[in-house]
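All chains are identified by letter, namely A, B, C, D, E and F, in their written order; residue positions are counted from 1 within each chain.
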Amino acid sequence: MFELTHLTWREVRETARTGIALLPIGSQEQHAGHLPMGTDTLLVEAVVDAALAELGDDGPGVVRLPSLPFGHSPHHLFAAAVSLSAPTLAAVLADILGSLAESGFRRILVVNGHGGNDEIMRLAVKRFALDADVSAAACSYWTVTEGGDDGENPGATPGHAGWFETSLMLAAKPGLVRETDPWQPVDPAPLFDKPPYPGLTVERHGEWARVGGTTDDASLATAEAGRNLLEHRAAGLAGAIRAFDAATAHSHGNQ
Amino acid sequence: MFELTHLTWREVRETARTGIALLPIGSQEQHAGHLPMGTDTLLVEAVVDAALAELGDDGPGVVRLPSLPFGHSPHHLFAAAVSLSAPTLAAVLADILGSLAESGFRRILVVNGHGGNDEIMRLAVKRFALDADVSAAACSYWTVTEGGDDGENPGATPGHAGWFETSLMLAAKPGLVRETDPWQPVDPAPLFDKPPYPGLTVERHGEWARVGGTTDDASLATAEAGRNLLEHRAAGLAGAIRAFDAATAHSHGNQ
Amino acid sequence: MFELTHLTWREVRETARTGIALLPIGSQEQHAGHLPMGTDTLLVEAVVDAALAELGDDGPGVVRLPSLPFGHSPHHLFAAAVSLSAPTLAAVLADILGSLAESGFRRILVVNGHGGNDEIMRLAVKRFALDADVSAAACSYWTVTEGGDDGENPGATPGHAGWFETSLMLAAKPGLVRETDPWQPVDPAPLFDKPPYPGLTVERHGEWARVGGTTDDASLATAEAGRNLLEHRAAGLAGAIRAFDAATAHSHGNQ
Amino acid sequence: MFELTHLTWREVRETARTGIALLPIGSQEQHAGHLPMGTDTLLVEAVVDAALAELGDDGPGVVRLPSLPFGHSPHHLFAAAVSLSAPTLAAVLADILGSLAESGFRRILVVNGHGGNDEIMRLAVKRFALDADVSAAACSYWTVTEGGDDGENPGATPGHAGWFETSLMLAAKPGLVRETDPWQPVDPAPLFDKPPYPGLTVERHGEWARVGGTTDDASLATAEAGRNLLEHRAAGLAGAIRAFDAATAHSHGNQ
Amino acid sequence: MFELTHLTWREVRETARTGIALLPIGSQEQHAGHLPMGTDTLLVEAVVDAALAELGDDGPGVVRLPSLPFGHSPHHLFAAAVSLSAPTLAAVLADILGSLAESGFRRILVVNGHGGNDEIMRLAVKRFALDADVSAAACSYWTVTEGGDDGENPGATPGHAGWFETSLMLAAKPGLVRETDPWQPVDPAPLFDKPPYPGLTVERHGEWARVGGTTDDASLATAEAGRNLLEHRAAGLAGAIRAFDAATAHSHGNQ
Amino acid sequence: MFELTHLTWREVRETARTGIALLPIGSQEQHAGHLPMGTDTLLVEAVVDAALAELGDDGPGVVRLPSLPFGHSPHHLFAAAVSLSAPTLAAVLADILGSLAESGFRRILVVNGHGGNDEIMRLAVKRFALDADVSAAACSYWTVTEGGDDGENPGATPGHAGWFETSLMLAAKPGLVRETDPWQPVDPAPLFDKPPYPGLTVERHGEWARVGGTTDDASLATAEAGRNLLEHRAAGLAGAIRAFDAATAHSHGNQ
């Protein structure tokens, strides 16, 4: 594994021929009273670190870009956030992907740590592979799992600043987790988190402020659950990287 | 149910107070050798028609807009398509949603018939409800089902121009279905349809042209399967409309 | 005549070689108390239908696209409208025209039903033919006439929701015409309709709301006048299509 | 009459209350072998000069902006031009009109010297008056005439670099007119100048280069015809300014 | 020296091969109570006139474009200005530079008269030379000096509507200079003019209105100082043109 | 000093009232054969770290954002870079600055590590302070010095991948510096680095590739020079922060 930041341009050109460029993207946004603004960035980095460690020297050559620390978080500005608009984030991803192709990469993977980035990331990857002779992949870290039992709580995954993220932070960055506020569920539950019908997305104005910025009871989180979650996500991401490598080796002209 | 096209502006203002505006969106794009360019538009209209018929006079007041007959289909231009770029489709949806709010609507539902529109539609709905005091909902017609057994073939749902869409067209518009070409699966299967790892999206350049524009064997399609699929989607959409109505009644100031 | 919606992509490619793609564009906007929101779309479709019927099998091959049912109507939002902004409509037309060329068409005609679309349509057609090796044409349905006496009332043509459009609707969609409100001319007459000097366009803020959304007395309209108007516009459009065909046959490489 | 360039900002604020801001817009583009690149700018300035002289001290207070010397001329780049794209020119006009309103003006007139600017100018004026409490007007100098006999040649008005513009230049800037090339009409005549059917706009790719950049025989031009044309256009523009003043005095709040 | 406005397109193509296109850009904005709105445009034109006169027939062939009379002046709208937004001005410059290259020029110089245009001009020149095979140069007229003693007052150069610009106007356009208001320095001095630390740019909201639109005491200005300043700037610009010519002759393919 | 990434949103709101938000921006781009892609980001972070350490607890409250690791580097794509276009970087900065203001900050400082970002950063800061009631500041780390003798080499400051940056990297990140290639000056020297006339910016197409991506002889660099440079820049930045704090305390409403 290589850090793009540390490579010279000739090393970039050389690794780009057969390697995979990996871009983590996160956010800076309110995570209730007990988690820090950078939670999504810190967690996607923790999962990527662990996945690359698991791949070790046997895996495909991965060149890791510095994380994009800002994401699309306008719904959290009622409290505090550093948010890129949807067109801005789309432009950033298009420019990064285009630069990587121009610098020689043919296989690129974006790993996301923030739900609000998801659609924009998928659109960016699709448009990119349509125009350039590349294979481009994307995932959000909580959706790539190797399956199996990891003590999970599907109704609270990933949620926002609740059991899932708090457990992961207790495992990955315990020093940054403050005491949780007492959980006060709102009634009705927020529509963005619990759609009123399967397959239907509903957005109601002002919903994030109404529910106070959390989706479920963070006081149920434990470091042990977090270690399990982290381990399975890391294994899942490692598996996804191996699978992407296998599926796209020899797909493009200059490899 | 009302057609926006047929209402006077005073009727629009009156129905907008408590009603739901419903916008179907589709596409014009290649659907292999046996289905017509407008398949996605025809099918979303068929599902919406049937759902509104099922709701009847007891349901919430729905004002149906004319379908947007063009979607985001750049991946089908290798054959033939009328495609709006992602920024253009985003702008169209933002303008339509904004106009509806300015004309008095507080609850709006977008029903989609084409996979390529999905992310753009969800982004549009989210951004809209963030800025305006409205509830906005979105679904793709194949994802809202009331569950139960409908003789489905999950591995081929929705696919593109395969068993699912061909069955539906045999039920809804049989006169427009030509004889299918013999099915020749490509190896490896296209990455956009069968990701190499759960939760991972992969886009490889040139994949749609390589696989000839179809995801699975359309010759397996039957009109009977299509009638089942259509019935369950219509019931699902009717249920989604009722649930949206129940969840958002009395949510906004001028209701 | 073919409907693009009904053709397979191979049929599109085949007809595109020598045929003409025809795109109707309309609007959804207030048309006073007696005409429906979709008046402009309904009328452009009625004229196109009649013109294509008149051309019959002897005419050039025309592939008709589904109408764009939304236009540029910000001046009608004081009452009700679904309006695309000028940049959005320009982008939609550019994307549609570009897709048609990419799908093989070399000759394209846009037929417009709403005054507010006019400049944007003409700009789109000009830019398109500058960049691509095509011939592109545009007209508003009320300006292509074969001349002759059609009982016209030039001072009220086309106007908005007045004698002209109401007569046409009485001929084409009588069931959608409600009783007209008593005519109350405003003084001074609206500047957008009666410029204070020949050749001078003047726009005064708030003028559409001041005059109540109508330009002239709709109660003078009759179905008979409407049938005359419709017949002459259809004949005019048929003539325009024949003339476009004759002027541009063999103009482009792949024909 | 005042030049904006020469006024202090306090004089601008004072004249803006009841005066009319006048913006001439032109182009820099090929005008065949005998007329200079700046023909359209020079001619619109000549007409504006003469009209303002005719109005004299009795007319409404007019504050004249410096001409925008560049217009929308992509169709002349086959030879030579300095062209703003359509979105750029639209943005320039929106910024200028918005600045004038912010600086206190309530009545603004754009006078155009180049056909390619026409639609963009009209759109800009409409959008501006929709958003701001102003009256905005626009004309192309060749369309505002007081009528009467001016020895005109309607089939060649305005054309491009032909009888009309050459005559005017012989009257206004004789030192800049070179000897005309012998006239060689092309067959068929260019579609942009002679549409194949009344009311139909047709643009064929490459047409300007095919016809060599001129629409009609410039050798027929005379300085006397030019003086007549100039005099009647100036009288027309003076009349249009008076009419605009009369129609919009006392229309806006701060007057 | 040639005026682009006066050349035919064939003369443009011929001079473009080895000549330099020169574009002056200015502004229309408040210049306190004693200087006119067009001060920046008038001064850049005065310096360019004098520099080209100094170069005479021995210098490189320069084709002078008409000045862009509007610049980026949003900070002066509190009083009065005609301002292009930053994206608009960037688009205008990109379109002009691109047109010049498309018309045959390989060497282009932008000469600026307004501080607010500076960054936008430099960005435009850089982007242009990156994409096109050209050499592009830019300067603000007050920064190109041949050095030497010109009686200067560095602390007040260029400032805004103070000693520097008023002196130049007394030399170049004395009839447009009104009596200065008594100088009332504000405390603290405006941060945009006197940064609190070397190398640090600070912008505080509302600062231009707070200081009344002037940076220093204009009553100290004299026509003699203005003549010196003008002479040295003209000599500097003439030197810069000679140096640009020498450095880039034979740099590009078609020369 | 606080890391935004580590704060909860309530801590952000509290520190924002009187604190200064500090955003470092860098780049990923070729730095010759001996320095890594992330040089500019690493160096701006080193200077910021040292400056904040020097300020200690007595300085103003500074909330440090995560660095933006990508900048505007299109001129380095001939070798390798991850570059944001100028409009994209402008949008990113506008969104970040706007979010900070919306989250409560009134004083914001951008510290830049890459020459190519300079104009875009200054424009962003100016536009931001025009619209919002804030004080915004910007500097590039090499331009804020406390003066004094630091063994500097003005002709090579900052340059690109030469004596200045290599010395700093030898001091800050010695493990990432490879052996320098032998220095081969090109003749003529690159115009972007040595303008042919004082005050004149010249950009010649292809210049970066011609000179091989370096401006001066990196083999002259030493760690000791680097420590001096770093110390003086850190002291300069600490001074700039103190001065910004002093100049803008109590400038804005909610402080």
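Here, a residue touches a chain if its C-beta (ideal position, glycine included) is under 8 Å from a C-beta of that chain, and two chains touch if they have at least 3 such contacts.
Please read these numbers as outputs of a predicted model, since none were measured by experiment.
Among the remaining chains, not one touches chain D and also chain E.
A separation of 48 Å divides the Cα centre of chain A from that of chain E. Chain A and chain D, compared by their mean Cα positions, are separated by 56 Å. As a whole-number value, the distance joining the C-alpha centres of chain A and chain B reads 28 Å. Residue positions 87 of chain F each touch two or more of the other chains. Taken chain by chain, the contacts form a single closed ring in which each chain touches exactly two others.
Going from chain A to chain B and on round the loop of contacts, you meet the chains as A, B, C, D, E, F. Across the complex, chain B is touched by residues 74-75, 86-87, 90, 119-120, 122-123, 125-130, 132-140, 143-145, 147, 188, 191, 196-206, 236, 239-240, 243-244, 246-248, 251-252 of chain A.
By the touch criterion given at the top, residues 3-10, 12-13, 16, 28-38, 41-42, 65-70, 76-77, 79-85, 87-88, 91-92, 95-96, 99-100, 102-104, 176, 178, 213 of chain C touch chain B in their complex.
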